[in-house]
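Input: a single structure, listed below in structure tokens.
To keep things simple, chains are lettered A, B, C, D and E as they appear, and every chain counts its residues starting from 1.
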Amino acid sequence: MIRHLPALLVIVPLLTALTVSALSWVAPRLCLPLTFGCIGASLASSIGILVEVIKSGPVVYTMGGWSAPVGIVYVIDYLSAPVLVVVTAVALINLIASSKQIDRDFSDKKGTFYTLYILFVTGMVGIVATGDAFNLYVLLEIAALTGYSLIGIGHERAPLSSLNYLFIGTIGASFYLLGVGYLYIATGSLNMADLARFMAMPEHGTSTMVMFAFIICMTGLFIKMGLFPLHGWLPNAYSYASPASSALVAPLTTKVMIYAMIRVGLYVFTPAYVFGRLQVGGAMVWIAVAAIVFGSLLALAQKSLFKMLTYIVIAEVGYMVGGFFLGNRMGITGSALHIINDAAMTLCLFLAAGAITYRTKSDDFKDLKGLFHQMPFTMTAFTVGALAVIGVPPTCGFFSKWYLIIGGIQAGHYGYAAALIFSSLVNAVLFFRIFETAYFDQPGDGKGHHHGHHKHHKHKNKMVEAPVSMIVPLMITALGLIALGIYTGDIVTHVIQAAIPGGIA
Amino acid sequence: MEQIFTAMGAKYNYVAYIILMMVGLYAMIVKSNLVKKIIGMSIFQTSIILFYVSTAYKTGKTIPIVPYDAHAAVQAADFINPLPHVLMLTAIVVSVATLGVALALAMKIYRQYGTLEEDDIHEDLRSEEGKS
Amino acid sequence: MKITGLLTVIICGALLTYYAMDFPDFGDGRSPANTYLSPHFLENTMHDAHVPNSVTTILADYRGYDTMYETTVVLTAGLACFFLLRRKESTSPPARFFRHVPTGLTLRIEEGGKLPAENSKVFTRIDSLWAPDSLIIRNTCRLIIAFVQLFALYVVAHGHYSPGGGFQGGVLLGSSIILFSISNDLRRTLKRFREKTAAVLGAIGVLIYSGTGFVCLLMGAHFLNYEALSPLLGLKTGDPMARSHGIFSVEIGVAFAVMSVMIWIYYNLSSAGKHDEGL
Amino acid sequence: MSLPIDFIVLALVVICGIVAISVKDLMAAAIVFSAYSFLMCLSWAVMGAVDVAFTEATVGAGVSTVFCVAAVFHSTRRTKD
Amino acid sequence: MITQTVFSSRPLVAVLISLLAVPVLLSCRTKDIRETWTFIAATLKFLVVASMLPLILAGNEIRFTVFDVLPGLPIAFRVDAFGMMFALVSSFLWIITSAYSIGYMRSLHEHGQTRYYCYFALSLSATVGVAFSANLLTLYLFYEMLSLATYPLVTHHQDQEAKSSGRTYLFYILGASIALVLPAMLFIYAKTGTLDFAAHGFMGGAFSKSTLLVLVLMLVFGFAKAGIMPLHSWLPAAMVAPTPVSALLHAVAVVKVGVFCVARVITGVFGSDLLLSFNLNTVVCTIASVTIIAASLIALSQDGLKRRLAFSTIGQLSYIVLGVALLSPYAVTGAMLHIVMHAFGKITLFFCAGAIYAASGVKNISQMVGIGRRMPYTMTAFLIGVLSVIGLPPCGGFISKWYLVLGTLQADKPVFLAVLLVSSLLNAAYFLPIVYKAFFCTDEEAQFKKKVDEVPIWCLVPLCITASISVILFFVPQPFLKLAQMGVQAFIGG
């Protein structure tokens, strides 16, 4: 069965999703355990694959026994294996954490929610694992469609923002499809490795068609990941959704899209083409700088927790895109590392925000007063997440930023390095503003309390912590942030360094 | 300039796909009615399908169904390229799925706001925010 | 907005046109797209799977994995529409409409008014939005539906040899039911083809597809490698008929899934999720 | 020899597309969209993509239209643009 | 003397002890158990640190690599004479401060004591971590940890004042370290590929003078805990914290970490040769001198006792920076010794300030007329602290200042000698009146009509201990003098 792990990774969730979908009409009680089981199995198999890859190199699996380029292959290499683990782990942790929330928000459609949840994960896993450019599009659409519906049920403006997301997402995916079409015309192939082989040929290296394919593919992915000028759909979509969905969709969508960007950039168009011939790096890094600055500043202007987090996500997208387009080993390492770290960070913050809204029913900043006393565990985890986003060692955020900034310095791109530092500072302001509210202010009263009132704390602030099922995963995530930070060295040497093609200095 | 026109004459299908794509895009950007936008989106998606199908075409060749009883080797050059067709079957399915979901969302929005005009909805939201 | 939109569109269009200059001419048989991979499919479809329609072979075999997800996309759309729209709580409409069959009069009964019995022969419930009561339409449709379904089955079964296959057949089957629903009404359709059936059948359809692939995996071959099915079908190993049958099996799955999902989406869209009054 | 048909069909497709997004009645838009799909499917059939054409005929011209009509039925037909 | 490298996990243990104390403290139910554990942890930590002393004195160096957090860039500890000295002082003073905290917190019935002791333990971990770090990354890591761990301590009262002070505190400390230290560190790493401290710096000759100048300034100002003007205003603001916090952290741990970092960077990153060859140390000296004079002048005008102490601290910290930046053997010896001497002197002063507040509720100097009669022991200790800080015999402060003065002459920079002397006079001017007023006043002037008793024994004993150590250090400056000399030998080789 080990041989089939790459297939099982995707097939098991798919089969379970279908079973759950059918069972939700017959025996709804079985849905939750099945969902748990299958995502757990996915996590286990992705860890298995990661070990396998580290031990004996990339794994290729041919679907239907047709080897590339005739059939579709799955390629799990040093780049995809860790992302697979992250995707499945995020899905599992969020599932545990939000089972209560799901009960509350979707009581009558739980089965369908679980099905969509698993299908979303299937799509994401597929995107990461696939080695076929067109197959990536199909999986992109699965993930997107489930994403739209998960987001579409929420509060207030959720349907509107979800429809907006759908329009923009469809444009993005279609652009990607068009780009693949251009590549197909130019080369006649759809397999990524095969395409990369074609790219090395001189006639493709100079073709304007290929160049346009690159531009339009990347534009599509940029739209999907919400890179700065194309980010319009993101904040509303993530902030009005149910926390159970947004804590799944927000950490994964943007990160997996960035993964797709790296995959397409490095393994389809090849670094020699992207960084050598096209020379788009400089311009793209400046766009990323704009994204970072813009995201950070707008985050500063927000008045509610989820909105703020979404703008932070936009800034983080800038980090990774910039890091990739720096085009040097350090930058791309940082970018790949940040995919993992940022997924964990975003998960931690969204889960914490979800736990807060679960209790307070609001994510407005003024309703966060006194939370350190009421929800000490949640706030501790939130603090760790915040420190990771700010980039305080030894949390993981520091180390990916480390690589990114060094990449920036080595590439001579000081603007990018400065933008990262700037964003760290802004993040510090953002989060300490929240901490102040949550730490100093009393819930209920309009202004902060004055001298001497602190004696009453114990009486006024009863602990109203979120349920254990939320706290435990949250704590695990928070510890994970620190663990990821501590094991950065291992992750980089054993996995990510091997993922970057040798041509990159 | 003339060169472009001659070139376009040989590639008119591609021009058609671009025009359609732009029609769709225009509808999605400019139109305020959600159903119009959704129709625009569908046009946008079909234009890409048109593009793919055009790439597969070979002048004067037949459809990609090989003779059942042919014992001699099949001459691939005699048939239209089937691969883009397969890809586009998938794309059509995706487009109808997207259409369904989009319409469902639009109906949900109509249920919530009583209108399908995006401008009106935004105006409502703004005045609501002004109140609170 | 209009001006900016127009400008964006024109710029995009100009760019696209400019870059389209490089394309091979329309209808050029020697372009890389037409010479690199496609000959392999055309030349081997009979040999590998014994299916003349190379589109079907690629769809269900060479790139069968894509198609499995294509079917999943359809199911996802069905689930999404259900998830977004369906309202189980019965919010009774402010007024209900009934037709007195003998006279053809329409009655409007306000909320709280006395309703006719469920199985009354004299009064039939009609939809408030539109009440088709044309004998011609009803009977013509009834007649057509049978043929549509028959044709659909042909399309599914004959996908190997002619254009068509599970997907087209499935849509045809689905649209026959939709036609029934339009020509009669939603409640009657729901009695014949319940929502639960649609939902479960949709999932089962995709399960047939992925299950076929999974069986291959259990038989020791790669996922969706239908060749491994030959022992189960009583064929020699390497017989292309194994693939042919495998393709047929997944086509049936596709047909099931697509049919029921199309109906399911229609149910939800046409009644705005209430399954009360349709088109 | 397929050039004229092809060309005419494509021109019609473009016209239908433009009409579909500019007509003021949503029901009419849905129907014109159906016509668009059907013409598109003709154009593909001409190009030899029979399977794609078949699918578009059933899906684009058929089911999609029904979905659109259903949605318009349950909301409003009128629009400003 | 041949330096031998010993590999031992003791530095890690020293750091971990107080870190491990946190969960233990969290699980404690009652005050007594909590305080006992704090004591145990503090003592253990001190013993572990002290156990390394003989090795260091014998001329060895202890190294321990925890793990490679980034490829080729480990979290690693290295114990040398300089670090040893600092760790010894701070871990010893933790014991004393713990005792003092018990008395102080109990007598004022402070809330959130568990939190208080936990973060205290965390801070100490970070402090020792800084002292023992072997590379700039480890240093930065513990530096940030210290910044964050002290925030809840500074804002312990959780009122509006604490809130705004906490904001100032973080703004300066965290802001400077992220905006200045981090980029400088990354730049250095990107250009040199290493961050390990070397006895004579590792920067090599790859940098132009202007780049070096920018880097030096970024690092000197970036470690804002050193309180170099204009990045000093966090320190007076942080005085809203409970007094034991001010005492240990803002007289010893935190601020000394700042100057320690600056000293480490100057010696271990840039190296004396490089700085001297570009004459960049004069820039740092000038900045430090300005801070010394300005801080002393501001201190004169402060009425709040703790605020006056704070500005005094700012001035005294810059002595150390000045000494290190002079880069002459005597000056560096003096600077290192001053870390110790000032620590004992200033902590005594803070303890006294706290004791006065705990006993009488008085915070301002103008209200302390005649307090010496009510609290004779406290005020005697205060006097000793004052003498030590001014640098008069028979207190430890004299020795360090003596070396500093010698150092300015050795470096042939008499301007800075003048700075030292002027500031000593200013020190005397702002401290001695307090003592004078406390003891010598008429009965009418005395502000304490009501009966004020000495503070509880838990508060009194620690401040007596630190005061007496201040005196003892004058007579027996070992082992610190030895350590300082060894440190100097390593850095300058003179």
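Points worth noting:
Rule of thumb we're sticking to: a contact is a pair of C-beta atoms (placed from the backbone, for glycine too) under 8 Å apart; a residue touches a chain by one contact, two chains touch by 3 or more.
Everything quoted here is computed from the prediction, not taken from an experiment.
Under the contact definition stated at the top, the chains bordering both subunit B and subunit D are C. Simply put, of C-D and A-C, more C-beta pairs touch at A-C. Closest chain to the protein centre (all Cα atoms averaged), using per-chain Cα means: A. The chain with its Cα centre farthest from the Cα centre of subunit C is E. Subunit D and subunit E have Cα centroids lying 78 Å from one another.
Distance between chain centres (mean CA atoms), subunit A to subunit E: 43 Å. Subunit B and subunit C have Cα centroids separated by 19 Å. Subunit A and subunit B have Cα centroids lying 28 Å from one another.
Within subunit C, residues 21, 23, 31, 33-34, 37-38, 40-41, 53, 55, 59, 63, 66, 69-70, 73, 76-77, 80, 84, 163, 167, 265, 269, 272 each touch two or more of the remaining chains. Multi-chain contact residues, meaning those touching two or more other chains, occur in subunit B at positions 12-13, 19, 25-26, 30, 54-59, 61, 63-65, 83-87, 89-90, 93-94, 96-98, 100-101, 103-108. Those residues of subunit D in touch with two or more other chains are numbered 50-51, 55, 59, 63, 67, 70-71, 74. Per the contact rule defined earlier, chains pair up in contact as A-B, A-C, A-E, B-C, B-D, C-D. Those residues of subunit B that touch subunit D in the complex are listed here as 12-13, 16, 19-20, 23-24, 26-27, 30-33, 35-36, 38-40, 42-43, 46, 49-50, 53-54, 56-59, 61-65, 80, 84-86, 88-89, 92-93, 96, 99-100, 103, 106-107, 110, 115-117, 119.
Against subunit E, in their complex, subunit A makes its touches with residues 330, 387, 390-394, 399, 402-403, 405-406, 409-410, 417-418, 421, 424-425, 428, 432, 436, 439-440, 448-455, 457-458, 485-486, 488-490, 492-493, 497. Here subunit D touches subunit B in the complex through residues 2, 6-7, 10, 13-14, 17-18, 20-21, 26, 29-30, 33, 36-37, 40, 43-44, 47-52, 55-56, 59-60, 63-64, 67-68, 70-72, 74-76, 79-81, going by the rule given at the top.
Residues of subunit C touching subunit B in their complex: 1-2, 4-6, 8-10, 12-13, 16-17, 20-21, 23, 25-29, 31, 33-34, 37-43, 45-46, 52-55, 58-59, 63, 66-67, 69-71, 73-74, 76-78, 80-81, 84-85, 161-163, 167, 265, 268-269, 272-273. Across the interface of their complex, subunit D is touched by residues 53, 55-56, 59, 129-130, 155, 163-165, 167-168, 171-172, 174-175, 178, 182, 262, 265-266, 269-272, 279 of subunit C.
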